[in-house]
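After this come two complexes, each holding chain A, first together with chain B and then together with chain C.
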Partner chain A sequence: MSSATLYSVSYFLVNYVLTHIGSVLPAPLNAWITNGDLVTGLAVLVFGAILLGASMINTIVLIWWERKLLGRFMDRRGAMHVGYAGLLQNFADGFKLFRKNTFRPREADWLGFFSGPTAYLVTSFVIFGILPISSGWNSGVLPLSLLLALAIFSFAPLFIFVSAWSSNNKYSLMGGMRSAAQMIAYEVPLLLAVVAVVIVSGSFDLTTIVYEQQNYWFWGPLFLALVVFVAGMLAEMERIPFDLPEAEAELVEGWNTEYGGMLFAFFMLADYLRALVGSILVVLLFLGGWTMPTWVPSAATSFPLAGIFWFMVKTYLVFGLFVWIRASLPRVRTDQLLRVGWNRMIPLSLCAVFLAAALVLAKCVWPFGCLPSMGV
Partner chain B sequence: MSDPVTATEKSSDNPILWVAKPMVTAARQFAKSLVRPSTVIYPYERLEDPKFRDQVRIESGKPIGVGPIWDNYRGVHALNIATCISCNLCAFSCPDLCIEMVTVPGGDPKHPKKCPQIDYGKCSYCGFCSDACPEGCLTMTTRYELSVTKRSEMVYSPQKMFGIYEQKLPMHPIRVERPANEDQILLEPPLCIGCNACARDCPTQCITMLDIPKPEAKAGEKVPKRIWKEPVVNDSDCVRCGTCINVCPKECLFWGNRK
Partner chain C sequence: MWINMGPQHPMTHGLWNLRVKIDGEVILDCDPEMGYLHRGIEKISEDRHYNEVVTLMDRTCYVAGFAWEHLYILASEDALHIVPPERAEYIRVMCEEFQRIGSHLMWYAAFVQDLGLMTPFLYGMRDRDIVLDLFQSYSGARMTYEYMRVGGVRNDMPPGFSAHARRALDWLSDRFVEYDRLCLGSEIFRKRCDGLGVLKASDCVATGVTGPMLRSAGMRRDVRRDRPYSVYPQLDFEVAVADGADVTGRYLVRMEEMRQSIRIIRQILDWLDHHPGPVLADRLPRWLGAPYAPVGKEDYVLKRNYPKGVGLSSIEEPHGEAQAYVVNEGSEHPYRVKFRSPVFANISAARHYLIGYRVADIPPIMGSVDVCVGEVDR
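What follows is the complex of A and B.
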């Protein structure tokens, strides 16, 4: 594993630029500009800017990917006029929303109405600082990064509920209530499915989990956990068939009924950021992260960005699975959703945990062989 | 023995199939549309293009716009001004009130010829007007490109629709045969004053004014002052447009049945 992280790369960049600027400046400015605190602060900002740009571009491309896939599922072509194959359509849509007037209902609570979507977007974005994208380009080594990512991921119901309640609209409030109930119900099996992965890999660090999968990806031995995790992720992302909080047929637009313009764009971006995070987590936990399939020739594995390439391919394919599910299945009812969540998903995820424990005790993920941490 | 219907119903009780079946269907649809979706990329491609000949099942040799999907296509109207008899039935049958009868040159100066002018901003392309037209002079074509930059350009004058007629576009070949209107124009003779307005305005000239005997004046009564003529309608020529009923000053003509 390479020790170069995204933060160290941005620190190197800032340090390089500031040292060269400082060498041509007079004495007092020279010492000030090469000050260690300034370099660290700027490096953090550059790190954030790189992450923000990468995640935003990925999110918008993800929306394009969904529109194109969904179009083919519906026997049409999707966006195709702006840019090559409609790639720039979502940038145009985003710019339109950016130019729109931001307003709020007269009786809405000012603080909650504006802080809800902002906090929702920010917390969804912060997870990207934790997720490792590739062995050389992870953003830092955190021993508990999986726990931290899932903890930040589970903030969302609070902000959705705040923005729904402060909208002063009955449909928003109902959507917020449903969202909170759904997310809390599916948080439990989601985390239990993660526990299975943690038991097998023996670590909470996402980089180590990926390292454990370099011989055998976890989707085979932990298939039950994968199913539970994907179903729970669908509910967490509020995508069809679990899009009850946004049910257009019943609640106008769910918890973001009263939002328009840029605030709506915040919600939209955060939803797709969370979808991206969900796909990335599936790839990291079950599909081997940036490790390449065995049929890839060894010459192709040594390209500088091969890891990131395979990581993104897997992420977009996993998101394609979510789109496939969206195109196929109808929306479930609230009682069905909650019954499945508490009565079926939790026993299934407990089974997955016991299965993982048995695999570890047997020291063998038969028929898939052993993991690096299991010794032989 | 299990009923086969019940057996198939039981097989769909498996919850796995609730998920699997629609997903397989969607995947099949996805694979099919990866090759070629059903959509026509309109500004770049048009359904009239020869490449869609198989898709719209046009037999080769036929002009574009003739074929199964075009046969009851309802586009812009074509109007043959020469055969229009100004009967007003198109405007009468229009549910959107988008047809106005406007004067066109070439008629009798006293009784100007009137032809339909259609406002496509209101038109719903229902085709009732071309069904109602007794002479078959107002038909719908397969032309569908109507976008204009001004509201006033949406109003098509009779001359403009005559231009479309002269382009010999494929016409709407199927005329919906409505049940024949068996009603006839009846007269309430005591009210008639013999004014000739009905015979004058009848678009098919099927009304003839016939002389009737002037009654002898009885004692103490005056003979009413009128022209001693009465209209007689030729039912086989009448198109049931109702113009005579509308123009009658004494309201002595009405719909009815002689039998």
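What follows is the complex of A and C.
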């Protein structure tokens, strides 16, 4: 594939438009408008806007996918009436929330109450700037992109706790406490599972990690790491069976009890953005990213956007797995969750790390084949 | 820290308030507060004709309307010295057993949702709808039936009801296997529910707890067998018991009760198929509610000549042991009506089975009690 990045596409667009506008303007204005700094700045903005639009649309489609899947699991049909097969239902829901009055409980802290959800949404969104979508389709070459993505991903407990604390509600506070404890406990096995991938692929760069999976995907040799990663991701995304921070049975809505209208929509969107990021990370680290299955005919592999297509298919299938888990498992209890996290998941993830190291030492991961970086 | 779980809280399944004192996640103390749904049903009943009270009974417990109708009708007939035809009694018992299935399915749906299981919730509601469809086919209503009458029931089964009911029972007994696989087959479910909310048999007796909670503690007590009423002596069934005294035990008891109810209903359907007959007593006092008595069958007994009496009945309601007390002072209205709600006793004992557990355990424990606030406050 070409080395065109999303940024270079937006740079090209901005440059093209500005040059044409400049050509009809008098000389001093022309020179100012085609100035390199301005073009770069605008290109960054356009890049951000495209990313925002794409990720938002994807998130909303993801919610639709979850609603339809859940509906089928539950012997019903899910959203049906707005748009074809209810595709526009979530846009309608979002619009409804947008129109609603944003209010703050009188005793709630102003700064924390409003900045918490905003920061939660923004940090969840920023990760999309780092994730490569297809070969070349990333914002830029970052040698430590995996580390950066996970670092931003782990900001969330802070913002959740801030919004929970500033809501001045006992249920919110308990939800915030649970959330912080849970996310911190599951951060460790999650990162250790990632270490296994890093050891085998020898890189922190997501693009390189996917490149290393050309011959075979990591889910086979690193199956243990995959299991730990998916379980940790479930806890990080606060989905059933690990959704106890917002366990509606006992905590009403957990840390977002006091939020309504657009602020609630921020939480909702950010939750699903994080779910999307989680699914994408599973695909990038374990399922070969945009590399295609071997049974795909070679003519189809060179089709434009084929990589993105396969990437999306895998992402949505992985998210479908999360939905399946949600449909069939009850919620665990806080102490059980933390015990499993510290006592079971961390040893398991350490095993995964040692297994990965052994694979690298053996130079080959028979019967799966060899890594490009391992030579023959 | 004291927190109010209610009166508007997803855990309550109704309108009551559980005040809980917590330290972190551990429950130190609790204090159930009822009375938010008090409608004065017992007092209103004193101002109604005997048959009009049936309307209120449907609203007493809105998920077990037939059981409360049956309870009240048994006490009224006792007070009024009226004997219903046998077919009507069989139909009433069938209603009560179907209602037990419906109520337990509603309980199942609400209970699993407290544990975060959304799928079985919808399965439970879907299957409860089948029971409601059957109710609708002969009483015309899905929840507020107004079907039973002093001296019988309003109307007979529609043609083809027996076949429909049998098909529904076959479907339901298959579904119970599915429920068990979704719940008992799940490791997380067992981890959450085993040894949770333990209330020993001795504590049950001391606090007046009855029904599935008592039977889950291993005590084989069921009014249908111990003090049989209506046609229960003629029916063959077993009393479901478990020995955990915990949430899992209550789950097992209710599941087994539904199976036993199916067994009872099958026997009743067989009986009904072969014993056609009237469903309302031949001669009823006209003042009992003339519009309901068959034309020409009204009895012109004067009110002042009618013998006085006191009626007491006790039935095994889906939630536990319910009792009714009706005083007939010779007027067209009951002089006094009083009920014993099993759920009131079951909730009041909350201190005995909640303290020491965690906040996350409150919904499953209270869910396993099967709270119906309508009958608690009345």
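As a convention for this text, the second predicted complex is superposed on the first by the 374 of 376 C-alpha atoms of A that agree within 3 Å, B and C clash if a C-alpha of one lies under 4 Å from a C-alpha of the other, contacts with A are read in each partner's own complex, and residues count from 1 in each chain.
In this text, contacts are C-beta pairs under 8 Å (C-beta built on N, C-alpha and C of every residue); 3 or more make two chains touch, one makes a residue touch a chain.
Computed from a predicted structure; not experimentally measured.
> After the alignment on chain A, I want to confirm one thing: do chain B and chain C clash, or do they fit together?
Aligned through their shared chain, the two binders clash on chain A.
> In the superposed arrangement, which partner chain does A:C351 touch: chain B (first), chain C (second), both, or neither?
neither
> With the two structures laid over each other on chain A, which partner does A:S328 touch: chain B (first), chain C (second), both, or neither?
both
> In the superposed arrangement, does A:A306 touch chain B (first), chain C (second), both or neither?
neither
> Can you tell me whether chain B or chain C touches more residues on chain A?
C
> If we overlay the two complexes on their shared chain A, which of chain B and chain C does A:R72 touch? Say first, second, both or neither.
first
> Once the shared chain is lined up, is A:I33 touching chain B (first), chain C (second), both, or neither of them?
Neither partner.
> Which holds for A:A85: it touches chain B only (first), chain C only (second), both, or neither?
Touch partners of A:A85: none, neither chain B nor chain C.
> With the two structures fitted on A, what stretch of chain C runs into chain B, 57-65, 93-101, 237-245 or 291-299?
Looking at 57-65, 93-101, 237-245 or 291-299, the stretch of chain C that collides with chain B is 291-299.
> I'd like to check the shared interface: which positions of chain A are touched by both chain B and chain C across the two complexes?
Residues 73-76, 327-330 of chain A touch both chain B and chain C.
> State the interface residues of chain C toward chain A in the complex, per the touch definition above.
The touching residues are 1, 3, 5, 9-11, 25, 112-119, 122-123, 126, 182, 186, 188-189, 191-192, 358-364.
> So in the complex, which bits of chain A are touching chain B?
Going by the criterion above, the answer is residues 69, 71-77, 80, 324-325, 327-330.
> So in the complex, which bits of chain B are touching chain A?
Touching chain A from chain B are residues 19, 22-23, 25-27, 29-30, 32-34, 37-39, 41.
> Okay, in this complex, where on chain A does chain C touch?
70, 73-76, 170-171, 174, 240-241, 243-244, 247-252, 326-336
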